[in-house]
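Which chain is which? They are A, B, C and D, in the order written, and residues in each are numbered from 1.
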Amino acid sequence: MIAITTEPIDVASALQNLQTEQAGAIDLFLGVVRDNTKKRPVDRLEYEAYDRMAISEMQKIADEAHRQWPILRYTIIHRTGTLRTGELAVLIGIASAHRADAFEACRYIIDTIKQTVPIWKKEIFTDGEVWVNAHP
Amino acid sequence: MIAITTEPIDVASALQNLQTEQAGAIDLFLGVVRDNTKKRPVDRLEYEAYDRMAISEMQKIADEAHRQWPILRYTIIHRTGTLRTGELAVLIGIASAHRADAFEACRYIIDTIKQTVPIWKKEIFTDGEVWVNAHP
Amino acid sequence: MNSPVSVLLFGITRDLTGQSLLSMSVDQEARVQDLLDQLYQHYPKLADIKSLLVAVNGEYAERDHLLTSKDEIALIPPVSGG
Amino acid sequence: MNSPVSVLLFGITRDLTGQSLLSMSVDQEARVQDLLDQLYQHYPKLADIKSLLVAVNGEYAERDHLLTSKDEIALIPPVSGG
């Protein structure tokens, strides 16, 4: 399951979606909004996505993970809109028979999402704002 | 937080326990009872622990993970008693500022738990039973 | 002969241009690079972005990719999801 | 002179002996290995376990660890948590 949503990410329902009788291991990665980036206090983050392309790029990543590891189920949810400290920006969940596959696939997916999926994050500080990674 | 419990593992409350304003990444590993081991159908598992020593061995593992990675919070919960397919046997959660630390510490902890913590699992099949790893 | 193409802008490209959707008139044989050159002329600040990619119909496109007026084109500044 | 020690049994060791707690009488200068030898005599099946460790007061103990009657001793067959 792959989704982009402006609603808060529901971990419990993601977990339900991952469970299957063959799964012995579930690795769940949660990306959380932190209160501090480079020592500058963050008031909030604003995420935006090129939704259509973000979904298709995430699907490519999930398909590649499927080729590399024996995955039983996966869930990838990215939130967009305004997020505050402590809120979940992204959830990656992998269910597999054995734990090494779940860990490796989960890490591959989050690492690759950060490189190729058209989603952008603006950090809004008390004294300014910045598009992460983009600035000259 | 480290616990051994006969109650079902509550993922939501474990997650709450991990959250802190500095955490940018949470990795949550769940060990789940599968319906099949070596193609033999499992009816249920029975876990038992030498509780006192299991807690202290898990504490040693958490302390070592703390030394190796900048962990903000951790949760280790192992369930004991009778478990059926789909139930959670173990939860390891790590919160850290950056994701690599969460993944690595989480994997280290579950790998090491399986090697050193005095907890035993009996697989009960429809046609027999076996203490995992122990049999001559 | 010219044809119009529409260009979606996200993140810093939207902030720098003040636009989330541009309609650009390009030569019929225009490629991605030609469109970028035109955009840089109108919005010189875009050239400051350290790595600007272009997507055509939801797929990353090379600089020599040929454009048509039916294409959905998007500027993709460095991503920062997750 | 002999002294009694108590031994906790878990997992396969409990199943093989039918006991979860044993009281053993050992020599005053007895070490872990001496206790194991005595246990193997009473319960020869224990020798079939491929790697049997011993904990003393909640810590893994070497075979030459000296025992006292106050110790909480436990047999630790191969673990299989997680």
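Just so it is clear, a contact is a pair of C-beta atoms (placed from the backbone, for glycine too) under 8 Å apart; a residue touches a chain by one contact, two chains touch by 3 or more.
A quick map from chain label to UniProt name: A, B = Molybdopterin synthase catalytic subunit; C, D = Molybdopterin synthase sulfur carrier subunit.
For clarity, every value in this text was computed on a predicted model and none was experimentally measured.
Q: By that same contact rule, can you tell me which chains touch chain A and chain C alike?
A: Intersection of chain A and chain C contact lists gives nothing.
Q: Centre-to-centre on C-alpha atoms, which chain is most distant from chain B?
A: Most distant chain from chain B: C.
Q: Using Cα averages as centroids, what's the distance between chain C and chain D in whole Å?
A: That pair's centroid distance is 74 Å.
Q: At what distance in angstrom does the C-alpha mean of chain C lie from that of chain B?
A: 49
Q: On a C-alpha centroid basis, what's the spacing between chain B and chain D, in Å?
A: One centre to the other, that is 26 Å.
Q: Give me the residue numbers in chain A that touch at least two other chains, ranges are fine.
A: 31, 110
Q: If a residue has to touch 2 or more other chains to count, which residues of chain C qualify?
A: none
Q: Which pairs of chains touch each other in this structure?
A: Per the contact definition above, the touching pairs are A-B, A-C, B-D.
Q: Under the stated contact criterion, what part of chain C meets chain A in this complex?
A: Going through chain C, the ones touching chain A are 8, 10-12, 15, 48-50, 55, 58-59, 74, 76-82.
Q: What residues on chain B touch chain A, complex-wise?
A: Within the complex, chain B touches chain A at residues 11-12, 15, 19, 21-36, 85-86, 95, 97, 99, 102-103, 106-107, 110.
Q: What residues on chain A touch chain C, complex-wise?
A: Checking each residue of chain A against chain C gives 31, 47-50, 52-54, 56, 78, 89-90, 110, 113-122, 131-136.
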